[in-house]
Amino acid sequence: MVIKSHCKKIEILVDAPLWRRIRDQAMEMASDGYTLQPTLGGEGARGRWFDDQVTGGAGSKVVFTTVLEEEAASRFLDALEPMLEAYGLMVTVTTVEVVRAVSGPSSNSD
Amino acid sequence: MVIKSHCKKIEILVDAPLWRRIRDQAMEMASDGYTLQPTLGGEGARGRWFDDQVTGGAGSKVVFTTVLEEEAASRFLDALEPMLEAYGLMVTVTTVEVVRAVSGPSSNSD
Amino acid sequence: MVIKSHCKKIEILVDAPLWRRIRDQAMEMASDGYTLQPTLGGEGARGRWFDDQVTGGAGSKVVFTTVLEEEAASRFLDALEPMLEAYGLMVTVTTVEVVRAVSGPSSNSD
Amino acid sequence: MESLLSPVILFFVLGALAAFARSDLAFPEPISKALSLYLMCAIGLKGGILVAGNGFTTDLLLAAVAGLALSCLIPIGTFFVLRGFGRLDATNAAAVAAHYGSVSVVTFIAGNQILTDSGIPPAGYMIAVLALMETPAIVVGLILARGGTNLKLQSGNELLRETVLNGSVVLLTGSFIIGLIIGKDGFEPVAPVFETGFNGLLCLFLLDMGLLAARRIRLARNLTARLVLLAIVFPLVNGTIGCLVGAAIGLDVGTTTALAILAASASYIAVPAAMRLALPEADAGLYLSLSLAVTFPFNITIGIPIYTYLAKLMV
Amino acid sequence: MESLLSPVILFFVLGALAAFARSDLAFPEPISKALSLYLMCAIGLKGGILVAGNGFTTDLLLAAVAGLALSCLIPIGTFFVLRGFGRLDATNAAAVAAHYGSVSVVTFIAGNQILTDSGIPPAGYMIAVLALMETPAIVVGLILARGGTNLKLQSGNELLRETVLNGSVVLLTGSFIIGLIIGKDGFEPVAPVFETGFNGLLCLFLLDMGLLAARRIRLARNLTARLVLLAIVFPLVNGTIGCLVGAAIGLDVGTTTALAILAASASYIAVPAAMRLALPEADAGLYLSLSLAVTFPFNITIGIPIYTYLAKLMV
Amino acid sequence: MESLLSPVILFFVLGALAAFARSDLAFPEPISKALSLYLMCAIGLKGGILVAGNGFTTDLLLAAVAGLALSCLIPIGTFFVLRGFGRLDATNAAAVAAHYGSVSVVTFIAGNQILTDSGIPPAGYMIAVLALMETPAIVVGLILARGGTNLKLQSGNELLRETVLNGSVVLLTGSFIIGLIIGKDGFEPVAPVFETGFNGLLCLFLLDMGLLAARRIRLARNLTARLVLLAIVFPLVNGTIGCLVGAAIGLDVGTTTALAILAASASYIAVPAAMRLALPEADAGLYLSLSLAVTFPFNITIGIPIYTYLAKLMV
């Protein structure tokens, strides 16, 4: 059992058609994995939205989560910068411990 | 890019028919947004439940998430108090950093 | 209103057919509840997966969340150890505050 | 007893057995929801077309008044029995009472099918009566609860949305009106979906309801023997009253039985969400278990044949 | 006006009214998606079978060329009107223009149904024209946008996937080809689902679209009166152009009307996701509101009768 | 080769091509699940009604014994080949072997359809044989695995739930029994959904399976050339054995072919979840890829015509 402290869980609320770009960015930044979760709707400065599968997901969002080590996380956030405005991303960063069988959240670790 | 530290992510597990009341409360407390996520089921002191869309969601729950600054968060929690018991809410509060293009999680901020 | 600090929110990404075993383990460790959430897909060292309900959920995962007090949490994590490898679990532990109407996250508490 | 061997009932029993045996058989929730929307559309259309054919008759008016009266009075009776014999507090008694005053669309549909197969189809206008009976009991329930607690709906708006604007009420009423407008001829091109497919899809839905009802009973807590007993006595008593009223106002056997089924049945589609909103401190597990896991299976299997028998006696 | 009282339109109106009244009536999203997939399969098959029966004709070729030309030219016209009168920036104008150059499968299907019921069915090959018109406007829109911004698709791969490999395009084209292969005889065993059930399922889908369109308009922001006006003027102008072109190349009344409907309609299934990817800084709420919440209901209720009338005048 | 051009197969190919081309075409998961539940209901009912008509015959008994024997023995053979030639460890070999011993309902249904269209329909009781063959291989697989590892099911309860109480087994068996009870007459009112609609919905499901199978192959890891080869050799060998056994016990051509299809097919609905539970350390991606992404498409397109040919030779 490996418990890795001080990892960063980065959760990104992103429009459904755009999540693959976030993934590509994350995988480049030494992330070794991600998980996608569905949403039902929400509201923010850009208005209200609800999940709707008819319009090809143009108005729907998903939560993209990746857990990274501190340093990789900050590089990833920097890489996200140009997308923040254009894609209307909502990003939260939480400090977590990760428990896995063998390696840690990033491949080049302990 | 604006990185705001020490924000509070408040996640509320609430019965599907009641989430709009939580939203109204949150929006009053200077929250500038929220996100809803689906659940599959769960168990607690009030027993076990599973998602069931036939009975109008009376037995289903959703996760209502809103990110607030520290002070707004504690006002929001106070405002939730009368609902905690009646609605059977399960509330968790996590300290997070928020990364957005421009403003922070609450409209009246930096 | 009871606000309990320093609780541990344990989130476990687990294959859909296996979540009941995690629950049994959690309920034994003085957890007083859990919540299940759906996922859409993900990727890790064991490859990529996507939600697929036809194959009996063999390839799908769910997020099992339980909030425990610190000491119960570490006992729970120890009990999970043998499953980490075999089940391919991804576990994150976050420190949270819990707000409930009456008791705390574990039944034998303040 | 023949009707107990109809595919519709057999699928319900299959679902219930599967859930009791703890099989992992389950319908995806969106499918359950879609099937229930479909059934309401189809039954609404059918009602509208029948009424379009026969016109608005005095029978319709009498049945409507009778239905409305039953849905307002039944909650009052059940409320006091639940308070007394059932030992529930006012809020829970009122919430449960509202379910029994309202109606179960699926019970009505199953009954309608069985009666039609037995050669005594209820009048088409009973579908309008069904729609009328869905919501008044919610309001009566809230008035009853208000005697016992200070909590109320945060806005009249919410009450409106959860009663007359409740999805199932809107769909049933809307389809009924569309049926009135298009009539038999306009219905023809859509009949393959809404008529020919009805029985088969009803089977699938009842399979699902069997699963849901049995699963609900396994989750049930706070279900005392007294309450379970009441969940069987209520439909028997209300069904008998329905028969008496139907016979008194001169309805035919099938239509009288339909009125009895409406009186006997307890809502589990329209009312639960309304109660969760209006009386959040009531125990949702309780009213869902009673209406969905006890009264519904009872009516589907045993109740409907009894009400049919009684109606035949009385009319 | 008869067609306004067809069940298909009435269900659309029911959905829209329910959403405006803020009823909680809603279809589960997977069901909406499944219904739209079903409709595309069914219409594709039908087109293929009709063309298999009649062979590839010069009419088909002419209509295809006309359709392609319209879907390339319409975005250019709308783009400049949106920039000028509509006061949109280049990115948003281009994104909206792409929607109007492309087509709405559901509007086409509803029109097809109405025309067939009125005894002037469009030629089967119009379904091939429909498929051809889905994607060119996306490319034209991107070229128009490129004048105003530096952002582009991250890879040609993505553009390909979002245009010719877009799910709805693949399904429509694939079913069309299957229809061509199996022909009338091979279709028979699957006809109960894809033909007999079509009308009824279309009703359910349009009920859902009424809900979605009205809900979308309630969420709309940044919708100026000028833009709403354009979302009504565009279909009228493009529909008229479609009629003129159809008449000019010698199509019959039904087929001309179908071409007009294609020209007049705005995509809300294939194009929005492509635009979200290709022009992420454009306002998705804006183009969805215009195409789904304004133009679509306009075409379904008022537009189609107008184009039919014009086609009858011109042909 | 005619059968390769049936709509059912063409839709499967369309789905596979769309997924290979990385189109974003996808069915919502609840719809896939619902379609598979529907197909199991429909095929179960059909089997029950056919057996109700013909009674329990010695043929039925012989076929049942043969089916049971095959489903117990096939995993043993495949296990050792997977260990040796396939180079898998005991756990993975056992998990894969269980899939090949069990059956694929969808392959059976597609084969049944094709045989019926070719005028050699299999006996109705083969649907009972299908149900019987679903679970024994799971138990055999676990016994085989136990030789190589200490891990076991945490409770016999779980094993029970995942074998005889597995959703698809319960639904198939339950519908079969309902079919037995209601017979041909009771089936009539539900036939439009369960019979008339069957072919069309099967097309939609196979479109979806084409998408899933191809997507699965794109995700596959640890798939060696040796294993892919085995996933083609296994159905060929098992199918041939099935033909031999069917001919030996005196079944007709269609029924022999059906037995061969059952032997040749590999489960991907009932077994995977059971294996995930019972042998969690086995690689789910591996057994899903082999059964769903290699053997299933092979059987659907090439295998079934071969088994039909062999059966015609041998019977």
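So that you can tell them apart, the chains are marked A, B, C, D, E and F in the order they are listed, and the count of residues begins at 1 in each.
One rule holds for everything that comes next: a contact is a pair of C-beta atoms (placed from the backbone, for glycine too) under 8 Å apart; a residue touches a chain by one contact, two chains touch by 3 or more.
Chains and their UniProt names: A, B, C = Nitrogen regulatory protein P-II; D, E, F = Sodium-dependent bicarbonate transport family permease.
Only a predicted model underlies this, so the values are computations on that prediction, with no experimental measurement involved.
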Stepping chain to touching chain, what's the minimum from chain C to chain E?
-> 2
Between chain F and chain E, is it the same set of residue numbers doing the touching on each side, over half shared, or a different set?
-> different
The angle in degrees, nearest 5, through which chain D must rotate for its Cα atoms to match chain E is 120
Averaged-CA centre spacing for the pair chain D and chain C, given as whole angstrom | 39
Compute the distance, rounded to whole Å, between the mean C-alpha positions of chain A and chain E.
-> 34
Hey, how far is the Cα centre of chain A from the one of chain D, in Å?
-> 46
Chain E touches at least 2 other chains through residues 24, 28-31, 33, 162, 166-168, 192, 197, 273
Counting only residues that touch at least 2 other chains, which ones in chain C make the list?
-> 37-38, 53, 56, 85, 94-95
Interchain pairs in contact, sorted by label | A-B, A-C, A-E, B-C, B-D, C-F, D-E, D-F, E-F
List of chain F residues in touch with chain D within their complex | 28-31, 33-34, 37-38, 41, 161-162, 165-168, 170-171, 174-175, 178, 181-182, 186-187, 189-194, 197, 273
What does chain B use to touch chain A in their complex?
-> 1, 3, 7, 9, 23, 32-38, 62, 67, 94-103, 107
Spell out the part of chain B that touches chain C in their complex, as residue ranges.
-> 13, 37-45, 61, 63, 77, 80-81, 84-85, 88-94
Taking the complex as given, what residues does chain E use to touch chain D?
-> 5-7, 10-11, 14, 17-18, 21-31, 117, 192, 196-197, 199-201, 203-204, 207
Residue numbers on chain C that touch chain F, as the complex places them | 15-18, 21, 24, 46-59, 83, 85-87
